[in-house]
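Chain naming follows the written order as A, B, C and D, and within any one chain the residues start at number 1.
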Amino acid sequence: MGSILRKVALPIFLIGVAAIMGIAWAPALLCGTVDSMRDDLGTWYKWDLRGERPTLTVGNIRQYLEGSIEGQFAPAAHVRFGHSTAVAFAYVLWPLQFRITRDVLAVVGVVGFVSLFAMFAIWWERKVAARMQSRLGPMRVGGWHGWAQSLADGLKLLQKEDIFIEGADRPLFRMAAYVAFVPALGLFIALPFSAAWIARDLDVGLIFIFAMFGVGVLGVLIAGWASNNKWSMFGAMREACQMISYEIPLGFALLVPIMTVGTLRLTTIGDLQSGGFQTWLAFRNPFLLAAALLFFIAALASCKRAPFDLPEAESELVAGFHTEYSGFRWALFFFAEYAEMFAAGALAAILFFGAWHSPLPAAWGESWRHGPLWQQALHGVVFSGPLWLIGKGIFFVYVQMWLRWTLPRIRLDQVMYACVQVMLPLAMLVLLANTFWEWLVPSRSVLGMAANAVCTAVGAVAVLAIIGISIYGFVNRRRLVGTLVVKHLPGA
Amino acid sequence: MSDTDIHSQREAPPGTAPAAARELRTEEMLVNMGPQHPSTHGVLRLMLRTDGELILEAIPHIGYLHRCAEKIGENVTPVQFVPMTDRLDYLTGMNNNHGFSLAVEKLCGLEVPERGHYIRVIMCELNRIASHLVSFGCYGMDIGAFTPFLYGFREREYILDLFEATCGARLTYNYLTIGGASLDLPEGFVERLAWFLDYFEPKIDEYNNLLSFNYIFIKRTANVGVISAADALAYGLTGPCLRGSGVKWDLRRCVPYEIYDRFEFDIPVGVPGGNAGIPPEVVVGDSWSRYYVRMLEMKQSVRILRQCLKQLAGGEFRAKVPRTLKLPAGEVYLEVEGVRGQLGFLVVGENKPIPRRVKIRGPSFCNLCIVPHVCRQVLLADVPAIVGSIDVVMGEVDR
Amino acid sequence: MTAQEIVDILKQRFPAAVADAAVEGLHPCVAVTPEAWHDVALFLRDDPRVAMNMLRCISGVDLHPEAEIDLFYELIAMRAPGGTARQEPRPPPSADIWQNGGTIAIRVRLPRDNPHVRSVADVWPTADWHEREAFDLLGVTFDGHPDPRRILCPDDWIGHPLRKDYEFPKEYDSIPAAAAGAASSE
Amino acid sequence: MSGEVLAFYLLAALAAGSALGCVIATNIVRMAMCLLGTLGAVALLYFLLSANFLAVIQLVVYAGGTLILIVFGIMVTSRTYGEKLKPRTSEALIGTIVVLALFAGLVAILLRAPWTPVAPTEPSNSVAQIGQELLGTYLVPFELASVLLLAVMIGAAYLAQPAKKE
């Protein structure tokens, strides 16, 4: 059994990925179909409106699918179904017009995405760390580069005993993991993967995500308190200090793009950057570029990643706030951490780096967007779609890993110093400068266009350098890794 | 806990904290750091009396790895005791073998043949590099940088491969023994060693770029745990810890033993920051200086090894040692420059094959006793930085 | 400064306390009476001629059939560049290398039952742990020691293991000893 | 019963239950956690009322800020780890009287209020509106509040600074 699995491991892995993507794609596609049917039927529809809405009947949908009603925008317009198929599909599509169905689907999607991403990211982090350290990392479980390592770890963690420490405050100890995990999950409700891929398009989406980052800290605090362990306590206090302090520069850095675009709705912010690479907000003027950097650093501190990983500094605090946790409760903290890492990366992408748009102007693909199914799919890959946001998010997660495996840890007083004495004044300064810039320099003026061009050039050089280094590293991957490792370990 | 006044509190000598700080002081907390703690390098246990993150007092408790090495030394012959010395400072087995063998040879008046001397120096210096690599990597870990650890171990593997080819063991060698070395160097050893030296020397600069001159690393270690030269002498610090305090003292040069007077090498010491590429934050005797002395010592070891390879003589590698070696009455105390400091052996003979007493002066034991003196009014995160820079191996502290 | 010179200075300063000296052997050593040892130690550290600024080791030796215990204090004078030094290292020293200003061992002989000697932890702080070790393993009591506890053995250990007549316990804390009778040599 | 009504009753029950828990819990950190339940449930109620901005601010300021400060403060200063906090009988009595009076007052107001249902309107851009109002109509009180906060901050900084070395 094992050997068979090992042989077909890579296909299983790839099919799994494809299936996950498919599961994620399908609801959006189907919902879109239903929505276009309603549009075609002349009913108005808007996502977050309350009030009376005409509903489609199964019969409407069947007629639509059979082609008895001509639709203009529906993808189904290009396909003709037979009667029985149409009936079957009609029953599948009918519930999708109700909000509750979509919400359930969204929740399932968010939970699924977070868990899968955490498992992927843990495996990937181990691979990244290994590569940086001339090792190979997980190589055995599952076959190809140990892709099933996280699955195996998850199984192991599920089987582990759920240990309660003598003298721990049991209800709080239990609750802490959830209090840490739920906000990390909750922030994905307002996080758009693309303009249409969002569970709830809140008009205050940005602050909601910000709030969720803040509430998650309580879990860590409570975990440290309830563990009845002095190291956990130290970790919790460090976390509280760090988070409360870094929320302020984080907030200031967020204000800079908000001031430029004038909205808190993330989908609007994203769609304002659809005009190609040079319209990405970070490249609009130098202060936005600086704000992007400040945001990333502050977000790093909020995600308690190295060099700001003081709450779990293992050389000082054993394991910090989760010293006493075991099994699945322990895993929940990591799920939360990786979810927050991705959210921070995705937020950076949405606010500064073109959201779900590719560097190509979205206008070029406008005709594909309304074309047949394959053109729509291609549009999602080439111009704008959730794949781009997930890709950018993963890139920023990678940067966080890269920093973690390179830099030493900062001391607590230095963390505070960096926040209060450096980050905060800098963020305020950037905010002020951006205010004056937006006020005095119109984006169509010579100065505005020159600043845009320079920043775009800087960004382009950075992107090209990263791509170049990656290709160089990949081509020479055998040479860069220590010879011992290549010779002695399996899978080389 | 107020974070802004940490520095003022650190500067204030204990007991004279400003009035406001005394008023705001909360309960003191006793925390056990170790014996199972990631950064206590084995089974050191520190009792920390803390006020928030501020350490008021750190009391080391040792003895968790006590294996009665000295009692064993009184019950076996010196040749049988050599393997036991491997297990003292388990990272520097060769140096320990060497020190004990020298002491017994001095007591019995044995002469080591020429080639034996060179083999000993080669092995000791290689082991010094191997041990400093571990120290470099672990210190990175203590500060929170993971990657240097793996790099240090990667290079150490090459050295252990050489040791394995020579004596079959990778950690507890029992190779340098009374009268010389127990085996000759294997075929091709010299070429492999020469290759390794060429490979390794540029790596040191790479590590300096990666860790030593990293801004965060400097901020974490410079001006932390400053030990003055006078304190270092009073507390019996030796080795890189003493040299980090600016005392240019190395037994290999100051009280020459073996054949170290035939080689040219420098004694790296801690120097004040700002000159010669040393970061301006650095103070003589701080953690960074102690750490950096080790990095420079690796380069000097490479230099010694190069000269060794050039001068390496042929011939016998071990003197004729009687099967039952009788230790004459009297005692001898001999110190060698071990990796962590001066490793001393007192051997008392009484005209029997078994010594009356074997006393081991472990450099880690003597270096560790300064911890309570230095870990005062520092932050919790500084404790690993200080203990790590003193670089103790508990096998030698507890013996 | 050679051992002979140190011994001469000591004999001149403490004629009563300094007994026999063996400067010629492998281990240049001078015997000092326990009562005078603390004063001698202070003198050895503070006298500019001798200036033994580092205590390297304290070793206790149990002379079992005889009813005595020897304590060896290994001292060394490390001279900063510019200080007087006779014994020069063979390669020409660079200007700032510290030099060996002489070594000497002090032997303090104590009675085996109830050995007492004044602690020198206030003279050389490093003596603190060495003396604790000598107390732990050999049962020598150091008067005036700042922290007279056991150091290597547990606090509730009975006996002093490095004594020649020490009997290994059959069990400790109701854990049976794996190798009972390991004390006997082969 | 529609979903919204169901959700309202659930959230109201959660808010009230947590508030009750906050009062009767004997461990101070558990009280704080009950407070989190109340604050969170109230935030969700705001969401239910389409007052998104208010809800989010509730989360940021109370759950994410104030509550963390409270818990942090408890951890740093509390010497009552594991100790049970129980009000004295007199305290409980006074508390009950105050609460009953408050409850009676609220009920009276609720009964007297003219409840005219308002047709649900499309939510406008509430954030922009709030901004306009704050920096337009209510500029003076807003700025006064900021000045007060600034004074508080300066005072706190003054109190926290270490005594000058002589």
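Just so we're on the same page, a contact is a pair of C-beta atoms (placed from the backbone, for glycine too) under 8 Å apart; a residue touches a chain by one contact, two chains touch by 3 or more.
Please read these numbers as outputs of a predicted model, since none were measured by experiment.
> Which two chains does the highest number of contacting C-beta pairs join?
After counting contacts between each pair of chains, the winner is B-C.
> Hey, which chain ends up farthest from chain D, C-alpha centres compared?
It is C.
> Centre to centre, by mean C-alpha position, how many angstrom separate chain A and chain B?
Computed from C-alpha means, the inter-chain centre distance equals 47 Å.
> Measure off the straight-line distance from the CA centroid of chain C to the CA centroid of chain D, and report it in whole Å.
70
> Counting in whole Å, what is the centre-to-centre distance of chain B and chain D, each centre being its mean C-alpha position?
Roughly 58 Å, centre to centre.
> If you average the Cα atoms of chain B and of chain C to get two centres, how far apart are those centres in Å?
23
> Which positions in chain C are in touch with at least two other chains?
none
> List, in ascending order, every residue of chain B touching at least 2 other chains.
Residue numbers touching two or more other chains: 1, 4, 52.
> Using the touch rule from the top of the page, what residues of chain D touch 2 or more other chains?
76
> Residues of chain B touching chain A in their complex?
1, 3-4, 6-7, 29, 31, 37-39, 52-53, 140-147, 149-151, 154, 157-158, 210-211, 214, 216-217, 219-220, 379-384
> Taking the touch rule as given, give the residues of chain C at its contact with chain B in the complex, in rising order.
Result: residues 25-27, 29, 53-57, 59-63, 72, 74, 78, 80-81, 89-91, 93-94, 96-100, 103, 105, 124-126, 128-130, 137, 150-154, 161-162, 183, 185-186 of chain C touch chain B.
> Quick check: in the complex, which residue numbers of chain B touch chain C?
62-63, 66, 68, 70-71, 74-76, 106-107, 233-236, 247-249, 253-256, 261, 264, 266-267, 330-333, 335, 342, 344, 346, 348, 354, 356-357, 359, 361, 365-366, 368-369, 373, 398-399
> What part of chain A is in contact with chain D in the complex they form?
49-51, 100, 167, 169, 171-172, 175, 179, 202-204, 207-208, 210-215, 217-218, 221-222, 224-226, 233, 236-237, 240-241, 243-244, 247, 263-264
> Using the touch definition up top, name the residues of chain D that touch chain A in the complex.
Those in contact with chain A are residues 3, 27, 29-30, 33, 36, 40, 50, 52-53, 56-57, 59-60, 63-65, 67-69, 71-72, 75-76, 82, 120, 122-123, 125-127.
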